[in-house]
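The chains carry the letters A, B, C, D, E and F, assigned in the order they are written, with residues numbered from 1 in each.
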Amino acid sequence: MKIITAVIKPFRLDEVKEALKGAGVAGITVTEVQGFGRQAGHTEVYRGTEYQVDFVPKVRLELIVDEADVDRLVEVITNAARTGKIGDGKIWVTEAERLIRIRTGEQGHDAI
Amino acid sequence: MEGNIAWVLISTALVLFMTPGLAFFYGGMVRSKNFLAMLMQNFFAIGLLAVVWTVVGYSLAFGSAGDGGWIGNLDFLGMKDVGLGDGTVLPPILFATFQMTFAIITPALITGATADRLKFAGYAVLIGVWSILVYSPVAHWAFAGGWVAEMGALDFAGGLVVHINAGAAAIAVLLVIGARKGHGKEPMPPHALPWTLMGTGILWFGWFGFNAGSALAADGIAAQALFNTLVAPAAAMLGWLIVEKVKGKHVTTLGAASGAVAGMVAITPCAGFVGSMAAVIIGFAAGIICYLALFIKEAAKLDDALDVIAVHLVGGIFGSVALGLFADASINGIVEHEGLFLGGGADLLIDQIVASVAVFAFSLIVTYVIAKAIDATMGLRVDEETEQVGLDQVLHAETAYNNL
Amino acid sequence: MEGNIAWVLISTALVLFMTPGLAFFYGGMVRSKNFLAMLMQNFFAIGLLAVVWTVVGYSLAFGSAGDGGWIGNLDFLGMKDVGLGDGTVLPPILFATFQMTFAIITPALITGATADRLKFAGYAVLIGVWSILVYSPVAHWAFAGGWVAEMGALDFAGGLVVHINAGAAAIAVLLVIGARKGHGKEPMPPHALPWTLMGTGILWFGWFGFNAGSALAADGIAAQALFNTLVAPAAAMLGWLIVEKVKGKHVTTLGAASGAVAGMVAITPCAGFVGSMAAVIIGFAAGIICYLALFIKEAAKLDDALDVIAVHLVGGIFGSVALGLFADASINGIVEHEGLFLGGGADLLIDQIVASVAVFAFSLIVTYVIAKAIDATMGLRVDEETEQVGLDQVLHAETAYNNL
Amino acid sequence: MEGNIAWVLISTALVLFMTPGLAFFYGGMVRSKNFLAMLMQNFFAIGLLAVVWTVVGYSLAFGSAGDGGWIGNLDFLGMKDVGLGDGTVLPPILFATFQMTFAIITPALITGATADRLKFAGYAVLIGVWSILVYSPVAHWAFAGGWVAEMGALDFAGGLVVHINAGAAAIAVLLVIGARKGHGKEPMPPHALPWTLMGTGILWFGWFGFNAGSALAADGIAAQALFNTLVAPAAAMLGWLIVEKVKGKHVTTLGAASGAVAGMVAITPCAGFVGSMAAVIIGFAAGIICYLALFIKEAAKLDDALDVIAVHLVGGIFGSVALGLFADASINGIVEHEGLFLGGGADLLIDQIVASVAVFAFSLIVTYVIAKAIDATMGLRVDEETEQVGLDQVLHAETAYNNL
Amino acid sequence: MKIITAVIKPFRLDEVKEALKGAGVAGITVTEVQGFGRQAGHTEVYRGTEYQVDFVPKVRLELIVDEADVDRLVEVITNAARTGKIGDGKIWVTEAERLIRIRTGEQGHDAI
Amino acid sequence: MKIITAVIKPFRLDEVKEALKGAGVAGITVTEVQGFGRQAGHTEVYRGTEYQVDFVPKVRLELIVDEADVDRLVEVITNAARTGKIGDGKIWVTEAERLIRIRTGEQGHDAI
């Protein structure tokens, strides 16, 4: 099994979630995060002083999927998350050695 | 007189406190990226409109009071000759300040409809101009012995001048700026209802000054208005929650808050003119009617973000018309024709309807022209990216909540 | 009279504002999944009880005032004949409204004890019935010249009627519904104390209306009551924090808030009856005593979630009894027997104790019967899953904070 | 008289409500790890200073009133002989309570400068001692017919006694405790501006009691003061935002709030002494001047965390001096020498400057000595680790927001 | 070394933490997350309009452990987190190539 | 490619971010977390009752980097995050099999 991790723009979350649902994904874990990257942060003002805020709000998705689904789902996420503007985010894939469903104890593919 | 002055002094403070209350009532319902922008619009309304009112608005509204006309004059520009009184009357400067707080909150009510997409500069010009071209005339009509008052229509504390006026203006602005991006597609749940409930508490508290203060005296009429301002919103909360329960499965805190505010709106024109059980009935009905009026925005395809139409416009119309049914001369001697249900015939009812329609039409048309002109020149709506990122960051270079 | 009316008008608004204040005082202490439910219970108390009071409660409490009896009559149903007055007296409708705000907040106090587990429908019935069967009678006893007043016991602003009454009711309901799941095992820290502090500020502000407004006049007694309502809670804050520091290593903001509220409670029955230094002493002692009373809930194995027993019941009893020690005829001519410490003997002290016990017992028993009946029929407590998931989501289909 | 009493009763409640308002005004601006500590400092100020004022402060300030001297006497220790009045005068106990609320909020203002690093115990001693050694004398000078008043300087509601006094004290304490760790290196953005805006709303609301209540009567002067307290902050908000826009690209909500508060401060000494357009001008100028004064703290290398110098000290000096320009005998008969711009010559202006300098110097020096003494003995600043972890956890064993 | 990641119901966090402490675990990193899965979300109501909230609050735990402890700890978490109702969550295991303790620079097993 | 995950003290975040910027890092994803570890939690007080709070606020950083940069960056983070006191946190390294930039579809090294 593989873990797909995606960091996307918050206002695309709904779209991405729906697309993944449509693609048959059964589970996602989502975290609010702050991203630093090429997308410039922004300036904030505090009583006449400007300061740079480097971090931009992002959303991090994590999905455990069968190896066979990885390419397809990466595609789905990419399409749904893309705005074409800088800061759209990244997707990365890692290996999950085991997966267990707590409720049933099912393992591996059955636990997805 | 001192007692009356004391009551109008504190009532003025109470009404001013309502605008921050409104800011939070609305602010809790928007998404967090637009929270500060909502607060800003409301607080800024105090800053700008207090000055506009001082310089010109009060004079246009209350100059030549009692002339049965359409607008005041320029006698009181810059509060000239608006003095401290001689101790036997309510100080004119106090009356002007009390009225100022109404002139501030009325355009601020519009911000609920236009949430999440107004350009700040355009908004500033909008409310400044609106205050002069729409608010002052309408206040003259109904509060300063203008044609509406002369015709015989009544408005105790602003059903016409505040709620219908602002509600119609909201529609006009919505027609110009259109819907939020994503409206109807993505849910836009309130980001933090506790702020909305806090705002509700402050609004209710301040509304005692709004309604009972409009008696301009610490007397029995103020007392009845106070009672009505407690009981009508309470009954409206029950009305709203009952429909909510019947139509869905849940009673919600936002429903409780919305119902209460609907009741406050509806009782506003009636507060010092109707009896105790009439207030219960008006409130209860307002809760139901305003809930049902939520569908209007969909029918009219208007993205009235926080339901200014259902609550303020419909609530204001209902209250103004209900006064034609329940007005009670035993409560307030000013009532010449009692309401229909009290055997006073349809005279007052008709006046109330005429006045409501007139204020609605006038505000709708003039506001539309103003909004259109601003939109065509400096722009009244932010661009798409600003809307996505959020107004707080782009317009105000601030973020509501900073954790890191 | 105008000045008195002005003061009671604004006092009424202040006391009404306390219920939202209480909502947030409590709401900051619960877990975030139950925050809205707590707000809802308190705001809904306004909605329901204003109507109940209007229709029947006021009449049952204040009908046949001065009869030395147990309950009022039905003369004022629906505020019939509760008029605007003639300008020489406090408008009867104003008195009824002022009292209404007390009838609203008293049952709302119970929600602190029962936090995180009440079924909304059961709660609604509970406070509605309680208002009629418990609040109105007790108000009649002490505020409307009923047997307690005739006996000679004093209650300036509600030590008996509000705090002991609500505190005893809280115990009764706790006996019926039991402890929160996980109580005693997992810590349930306040989810956001800033709301609690905001609530404390609002409560203190509103309490000036509660206590000093109970003078029903803008006079020296009101002034002394106002002073006492500032100083006693201040001294109570110090008392609480000192014990906290002695027993632990820290002084906490929740301690400051709790101490202040304990002082407000204790000074309530005494406010217009005791002198300045007596208020300091009563307050300081209340801070210490209510802190020490925190252990009661453990001893009694009652999961009094937000310490209604320690703060309202014990604070209310202490204040009511302390009045028997400090009542001062030079402050208020109504005081016939001065307090023990002022050389007035034990007469008043005994009356105060008898009255406290009577109110405690009556409220405990009747509330227990009501709560038991509701629990047996429609249910007064949510099921386990609802408790785990949180009341906000399950009962109200809402979430306090939405970030995504 | 009842009307006057009613107005001062509610004004007292309003001013007391300002301290919680201030707590949140400041609290929204600090980092979340120090939020509760900020709230604690402000709420505790109520607890401690109400008692100090009752026991000794009031007597030192208002004993031997009108003696043209430097300090009061001990006649009123423990509010001895501060009675309820006879119904024809403002009850002395009411006047003492009204003044108490000023004595409470003044030292609380300092906490904005010293945010994020004060030791609680040191702070408690600081404000207790300060209240006696600095506040009471200065109040005597200007409010109780001491030498400042006898000289002819005016202070309607506390430009000298409250704002210059607290502002100078803030500098003194800053000189003793130094800057926050990381100051100038890391940004320390406000953790939650909505709290600050809520605080602003409460402050504005309460300030009506502060300024218009200082008329000690419900009369035309109070009315003018009320008007001025609405319009000057409004104009100041505009002034601040305009400079902000000119110097940066954005108008901020914190700017709107700060500008409004600057206007409240500046109009405080003038409120019942100047006319309507003068209030607009004073307010507008204050907004600009206080914004520009933000640079002082950098120039002076003082880590004035939340800008007490720019807002309270500079605002207070500006307002006090502006009174020498705009004082208007037609508004208030107490004005002997009208302001320079009203043709009254420089007499008052000079008195105002002398008084401002005197209060500034006295407060600066005495506060420095007190703070130094505390720092040398029990310590006035937390250690580095406490500062990193946050005051809430270390000092108060609490956390503002608990999610898990 | 292995990384055990577990997504559980928030109200089981205390129990799981205590169980892991009991099992000798020296460190855990916890994140508040939102989960989408088989467990239906819930309906919320906004002024007469119902909308579906797909995400359910969950808590994500991350533990770096010796390979030898993995099975035992997965068991511990499973037992402590299980309610038997849908939505109890998942546990997955991935490989950690290196681990460093910042304070001391210790590496690998010693850094756990 | 490798993923460096670091859990650090919140008040070091600024320093670490600046150090990583200085070291040429182009992207970081940051999460607020709660840590349990050797660093004792603290006691909180609730109306006279003390209770132990085991979790300490921490910040979690995630960086996808070229294998070649791992050692250097671990060093950079360690230096910037270290206070020498208990609770400074951990750094761990895992393998990322793929990395995609959503905006462009670039993969692997180019997507960093």
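Everything that follows uses one rule, which is that a residue touches a chain if its C-beta (ideal position, glycine included) is under 8 Å from a C-beta of that chain, and two chains touch if they have at least 3 such contacts.
Bear in mind the structure is a predicted one, so any value in this text is a computation, not a measurement.
*Asks:* Taking all residue numbers used at the subunit C/subunit D interface, answer same if over half belong to both copies and different if under half do.
*Replies:* Mostly different residues: under half of the interface numbers shared.
*Asks:* Would you say E-F or A-B is joined by more C-beta pairs in contact?
*Replies:* Higher contact count goes to E-F.
*Asks:* Tell me the rotation angle, 0 to 180 degrees, that brings the C-alpha atoms of subunit A onto subunit E, to the nearest 5.
*Replies:* Superposing subunit A on subunit E takes a rotation of 120 degrees, nearest 5.
*Asks:* Between subunit A and subunit D, what is the gap in Å from one C-alpha centre to the other?
*Replies:* Once rounded, the distance between the two centres reads 50 Å.
*Asks:* Cα centroid separation between subunit A and subunit F, in whole Å?
*Replies:* Each chain's C-alpha centroid was found; their separation is 18 Å.
*Asks:* Using Cα averages as centroids, what's the distance between subunit D and subunit E in whole Å?
*Replies:* About 50 Å, centre to centre.
*Asks:* Calculate how many whole Å lie between the centre of subunit B and the centre of subunit D, each centre taken as the average of the chain's C-alpha atoms.
*Replies:* 33
*Asks:* Touching at least two other chains at once: which residues of subunit E meet that condition?
*Replies:* If we look for residues of subunit E contacting two or more partner chains, we find 30-32, 34, 44-45, 50, 53, 55, 94-95.
*Asks:* For subunit D, write out the residues touching at least two other chains, lowest number first.
*Replies:* 1-4, 6-7, 10, 189-190, 198, 202, 218, 248, 250, 252, 254, 396-399, 403-404
*Asks:* Given the complex with subunit B, which residues does subunit E contribute to the contact?
*Replies:* The contact residues of subunit E facing subunit B are 44-48, 50-53.
*Asks:* Considering the complex alone, what residue numbers of subunit C touch subunit E?
*Replies:* Residues of subunit C touching subunit E: 182, 186, 388, 393, 397-399, 404.
*Asks:* Where on subunit B does subunit C make contact in their complex?
*Replies:* 1-4, 6-7, 10, 14, 32, 189-194, 197-198, 200-202, 204-205, 208-209, 212, 217-224, 226-227, 230-231, 233-235, 237-238, 241, 248-254, 256-257, 259-260, 275-277, 280, 331
*Asks:* Would you tell me which residues of subunit A are touching subunit B in their complex?
*Replies:* 11, 14, 34, 42-45, 50, 53, 55
*Asks:* Provide the residue numbers of subunit D that touch subunit A in the complex, in ascending order.
*Replies:* Residue positions touching the partner: 187, 189-190, 244, 247-248, 250, 252, 254-255, 258, 291, 294-295, 307.
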